[in-house]
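The same chain A turns up in both complexes below, where it pairs with chain B and then with chain C.
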Partner chain A sequence: MVHQQQVKPRRTAPLHLSQGVFASLLIAPAMIFIAVIVAWPLIETFRLSFTDARLGGETYVGLENYQDLADSRKFRQTISRTFYWMFLSVSLKLILGLIGATLLNAAVPGRGLFRVLIMPPWVIPIAIGMIGWLWLYNGAFGLLSGALQYIDVVDKSFEFLAYKRSAFYSAVVADVWVGTPMVSLFFLAAMQGVSRDLYEAAWVDGASRWYRFRRITIPQIMPVIVSMALLSAIWTFNSFEVIWILTEGGPRSASTTLIVDTYKTAIANFKFGEGAARAVIIVILLAIFSLIYLFFLNKVNKHYGVK
Partner chain B sequence: MMDRYTKLQLVGIYASIVVFLIFILLPFFEMFMASLRPLEHLFRSPYQFWSDDFSFQAYRDMWKTVPLLGRYILNSVFISAMVTGLTMILVIPAAYAYARLDFPFKNASLALFLGVNMFTGAVLLIPLYRVLSSLGLLNSYWAMIVPGVAFLIPTGIWLLRSYLEKIPLELEEAAFMDGASRLYTLRRVVLPLAVPGLIVVGVAVFIGSYAQQFLFAITFNQTREYQPLPAGLFEFIGYQSVTWNEMMAAALTGVLPVMIIFLYLQKYLVAGLTAGAVKE
Partner chain C sequence: MATLDLKSIGKSFGDAQVLHDIELSINDKEFIVFVGPSGCGKSTLLRIIAGLEEATTGSLLIDGDDVSDAHPIDRGISMVFQSYALYPHLSVFENIAFPLRVAKLSKSVLEDKVQRAAEILQLTDKLNLKPGQLSGGQRQRVAIGRSIVREPKIFLFDEPLSNLDAALRGDMRVELSQLHRDLRATMIYVTHDQVEAMTMADRIVVLNQGRVEQFGTPMELYHHPATKFVAAFIGQPNMNFLPATVTDVGDAGLCVQVDAGPALVLPVESAGVSAGDRVEVGIRPEDITQGAGGLNINVSVVERLGGISITYGTTDGGTRLCAALGGTADIREDQKAELKLEPKDCHVFDSAGKVLRRRQAPVLVE
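Right after this comes the complex of A and B.
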C-alpha cells in the first residue's frame, strides 16, 4: 500500500504537467530573484532620475536632470571618452586574446604551464590587481618609472597617473590586463573545438600556417569572437574598479567614464537624482549599442552558417 | 607532422610567450618585490631595483597590523562559495528550461535575463541600497552575497544552457518513455551527464564573484568582521602611515588559497569550455 503510493504519483502525475507550466516553475526562482534585485532597482533609478533626490529628501523636477546633462559640454565629452575607452580597450583585449589563444594552442612543450600562468589577472579580485598596477605606475618607487630612467627615456621619475593623457592610457592598459586572460581562454576553447580534419586537408594541400589561421581558424571561431566582443564591450563600458582605484577618474576628469561619473555624482556627492539620470543614460546607450550589435551578429552568424 | 615547427618558429613562439607572460605577471612581480622591501626603503630615491636588505618580515608583521586579516581571507572565499551555491541552485533549472523545453515567451524572457548583463552594481547602487535595507540585509554577509548572485545569474544561464543543449536528447526521451517524471529525468539523467558543464559554470561564477566583491563590500557592509579581502586590505592604510609592504604581502598571501584551488580546477575548465559551453 504505502509502497504503491510512493511510486504512483511519480509515474503518472508529472507526465500531465504541461511543458509550459513545468518551464515556468523552473524559471520562476531565478526570475523573481532578478526582479527584486535588478529590475526593481532599475525602475527606481528611472523614477529617481526625474527627482532631485539627495540625502534630505526628494521632489519631482521633471526633465531637469536630463536637460542639465544635455547642456553640459563636459558630459558630452564624458560620453565620447567612454566610447573611446571601450573601443580601445576591447580592441586590445580581442587582439591580445587572439594572440594569447594562438600561443596557448601551439603544440609546443610547456604550454600547460603557460596556460596556468596566464590566468591570475582573471582569478584574483580586480581591486587587488589594481594595487599592483598602482605601485607599478608610481613615479618615485615604481618599476616602470625606474626602468624608463635606467634606459634614459626619462631623466627623472615619471608619474604615470599624474598627467591627463598618460593616466587615461595607463588605465586602459590595466583594464586590458584584467580582461585579456578570460578572452584568451574562451578563444582557446573555441580553437580547440575546430575540427582537425580541416587543418589536415589544408595542410595536405600545402597551405601555410598563416593561411590556415586566416582561412580556417578565424572563420570557424568567428561566432565566439563576435559574442565575446559584445560581452567584453559591455563589461569594459561598465568597468569601474580599475579606474576608481587607479585615478578616481582624474586628473581633471581625464579618465572619467560614464560609470565613474555616475558613481561620483550619486555616491561621493550624494546627488542621487542626478546620478540616476546618468545611470538611465548608460542603460539606454548600452541597449542601443547592443541592439545594433546583435543585428550585426545575426548577419555574421548567417554568413558563417551558424543557426 | 603538421604540428612540427621549424627552429625559427619555435624561437618566435617562445619569445612571444615570454613577452605575453611579462605583461601578465609584471604587477605580481612588483607586488612581491615591494612586499620584500623594508618600509623605510620603499620610498628610496633614486629608484633602486635591488634592495640589499630584502626580508620576509612583512609576511610576519601583517597579521599584527591587521588582526582580522585571516578572517578577511576566509570571508572572501566564504562569500564566493555562497554566491556560487545559490547561483547554481537558481541557474540549473532555468538553464534546463531554456535548453530543452518549449514555452511561451521563451526567447523574450531569455533576452530579459541576458539584458541584466548590461548593468553592473555600480549603476544601481542607490536603489539597491534601499532594497537591501528594506529586506534587512545591510551589514551582513547577505549584503554582498545577494547582489553578487543577481548579477551572475545571466552568465550562468547563458553558459550552462549551451552546454545542456549538447547532451543527446535520446537519453532523456528514453527515461521519459520509461515513465520517469520531468524532475526525475532532470535530476537523474541530465545532471549527472552535465557534471563537466556544471564545473565550468561553477568555477566561472566563483571567479566572477571573487573578482568583484569590492564595490558591494564598501557600499553595503560596514561590519568589519564580514569584510572580504579586497576591502579589508585598505586597513593597511592607517592614520599615520601606510604599511605598503605588508599590504602587498597580505594581498599575495590572501589570494593564494583560491589560486591553488583554481590551479587544480583549471584543466577541467578548459576541457569543459571546449566540450560545449561555447558554441563553435
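Right after this comes the complex of A and C.
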C-alpha cells in the first residue's frame, strides 16, 4: 500500500490573537516608552508634591506644600514676575522676529548671507552665548558699560547684573537675543510661502508696501504668528539657562522666575516635596496655555481661510 | 478711449532676450489675444503692459501718452492672474472691494460698485464666502470682479481659463466675450489655446520666440497665414505640409510637383520663386477630400467622430498627413486611400517658411 503523505500547509504556527490584542501589542513599545519617560516622572512629581521629601526621607503632608505656596507673598511675586518676564520677552521676540523676517525677505543683494548671519544666537550653545553676555554686562571690563561711559550716559562703570531692575531687563535682552532668530526664520519661511501673485495683484491695484504688509503678509502668516507666540511663550516660561548663568535668579530674587524658583527649591536646597509642588503648578499653567493655543489656532485658521 | 501702442519693445533677462522689437498698435475697445507656445514671451509682454516688468528697450503708449515708467494705476489697467490671486483670508466682497479700499473710496460708493460687479458676475449670494469655498469658475469670476470695479481703461488677462475644466472653459469663453461687449473696454488676453484665440479675439497676435509672427483677425490668420508657424499653430487639426518642387512659374500661378504626389497649378503670388525651388504645400485637413487626386496614403488610424472621420496616414513620400473626411467615408485602417487637394485651398511656403499669398480665399461677409 502506498503511503500517502498528507500535504500540510507549511507555514509558521498561527498566533490566535484577537485584533484588539494584536493592535495593543503593536503600540506597546511606544506606550512603554512614554510611560517610562513621561508618565512615570509626572506621576512621581505629583506624588512628591504631597510629601515633605528631603535628603533624609519623606512623609505625607497632604496639601501643605500648596497651602504654603498660596500663603507665600514671595511666591505670588515670583508668578507675576514670571508672567511679566514671559510677556516682555515673547512680545519682543515676535516684534523683532517679524521685522527681521521682513528684512530678510526683502530682495536685497546678499540676503542669503544675512539669513545665515542671524543664526548664531540660536545655534551656539546657550551657555557659551551667556558667557559672552556676562562679559558684555560686566561693569569693569564690559563693552556696554564702556560704551555708555564713552557717550556720557553714565559717569562711572555700570554693573548691569548687580541691580535688581537692570539685572531683570538684562536677562530679558539676552533671552530675546537667543529666541529671536528662530522666530524670524519661522516667519521668513511663512512669508516665502505667500504667493507672489497676491503681492503683484495688490501692487497692480495700487496698494502701498505697508498696505500689502498689513493686509496680505500679516493675515497670511497669522497661523504661524499664533503658533510661534505660544511655542515661544512656553520656551520663555521655561527658560532656565539664560537666567541661571547670568544671575542665578538674583540679585535678591529680582530675576527669579517660576522655573528658577523650582530648581532652587528642589535641587539647590534639597526640598524635593516643595519643588515638586512648584513643578506641578508649572505643568498646570502650561496645560492652560496649550488649551488656549489650540482654541486660538482653530479660530485663526478658520478666520484666515486656511482650509 | 483706450488705445495701446507698443513701440519696438524688447526685453532681456540677463543674456537671454525674450522679446525682440515688438511693434503693435491696438485700437480702442478691441479684444486682442496674444497666443503662442509656452516660452514665446506672451506672458512677459502682458506683464510689461501691466507694469509688472520693465521693458529693456522701447516704449509703451496708452492713448498716446508714454506710460513706460508709470504705475499700473496711472496706466489705467487691471489684471486677472492665471492663479486668480484671490486673497484667501478675505471674503468675496472684500476681495472685489480690495482695489476700492486701496483707493479709499467712501463706504457707500464702494458697496454700490461691489454690488454692481457682483450682479454682472452672478456672485450676489456668494459675497460673504471665502475664496476657498468657491468652485473654480466662481473664483475666476471673483478675480474678474476685482478687475472691473476699478473701471480700468484696459483689461489684461493672463491665461485666465487654464485652470478650469474643458466644459467650464467653454462657458467662461462665452461669458468673457459677453463681458467684453457689455463693458466696451479694451481687453488683452494671453493664452496658449488657439481655440480661445480664434473664438474670442477681434485680432490675434501670434508670438513665436519673442517675435510677432502675425497680427490680424482670426479669419486672416486662418486663410492667409503669413508664415508656416502661424499656419501650423492656427486651426485644428493642424495643417499638413507636403514637400514639393516648383516646375514652372506662370500667369495661372505656381506649377508644383508634390513629392510622390500630384502635379498642381496653385493660384498664389509667385514673385521670388523660380523653377527648381523647393517649397512646401500647406493643406488643411478639412480641405482634403477622398477621390482621384493622385495623392496616395497608407492609412494608419481613423478616428470616427460621427460627422467627420479624422484620418491619419503617411504619403508614399513618407510625409505624415491628416485628413478630415466625411463621417461615412469609405476608408479603413491599414489600407491605401487616394486623396484629392483643391488648388485654391492650398497654401505655399518657401524654404524660409514665408507664405506665397493666395489669390483666392473665402471672404467672410462683415
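List of remarks:
Methods note: the second predicted complex is superposed on the first by the 273 of 307 C-alpha atoms of A that agree within 3 Å, B and C clash if a C-alpha of one lies under 4 Å from a C-alpha of the other, contacts with A are read in each partner's own complex, and residues count from 1 in each chain.
One rule holds in what follows: contacts are C-beta pairs under 8 Å (C-beta built on N, C-alpha and C of every residue); 3 or more make two chains touch, one makes a residue touch a chain.
Predicted, not measured: the structure shown is a model, and the values here were computed from it.
Aligning the two structures on chain A places chain B and chain C side by side, free of any clash. When the two complexes are overlaid on their common chain A, residue A:Q220 makes contact with chain B and with chain C alike. In the superposition on chain A, A:G56 contacts neither chain B nor chain C.
In the superposition on chain A, A:E200 makes contact with both chain B and chain C.
In the overlay built on the shared chain, the residue A:Y211 is in contact with chain C alone; chain B does not reach it. Between chain B and chain C, it is B that contacts the larger number of residues in chain A. After superposing both complexes on chain A, the closest C-alpha pair between chain B and chain C lies 5 Å apart. Residues 200, 203, 220, 306 of chain A touch chain B in one complex and chain C in the other. Interface residues of chain A, counted against chain C in their complex, comprise 195, 197-198, 200-207, 211, 215-216, 219-220, 222, 303-307. Every residue of chain A that touches chain B in the complex is listed here, in rising order: 10-11, 13-15, 17, 19-20, 22-27, 29-31, 33-34, 36-38, 40-42, 44-45, 48, 96, 99-100, 103, 106-108, 114-129, 131-133, 135-136, 140-143, 145-146, 149-150, 157, 177, 180-181, 185-186, 188-190, 192-194, 199-200, 203, 209, 220-221, 223-224, 231, 234-235, 238, 240-241, 259, 262-263, 266-267, 272, 275-276, 279, 282-283, 286-287, 290, 306. Taken together, the chain B residues at the contact with chain A in this complex read 1-3, 5, 9-10, 13-14, 16-17, 20-21, 23-31, 33-34, 42-49, 76, 89-91, 93-94, 96-98, 101-104, 106, 109, 112-113, 115-120, 122-128, 130-131, 146-147, 149-151, 153-154, 157, 179-184, 207, 210-215, 219, 228-231, 233, 244, 247-248, 251, 254-255, 258-259, 262-263, 266, 269-270, 273-274, 277-280. Contact residues on chain C toward chain A in their complex (touch as defined above): 50-52, 71-73, 77-79, 81-83, 85, 87-90, 98-99, 102-103, 130-132, 146, 150.
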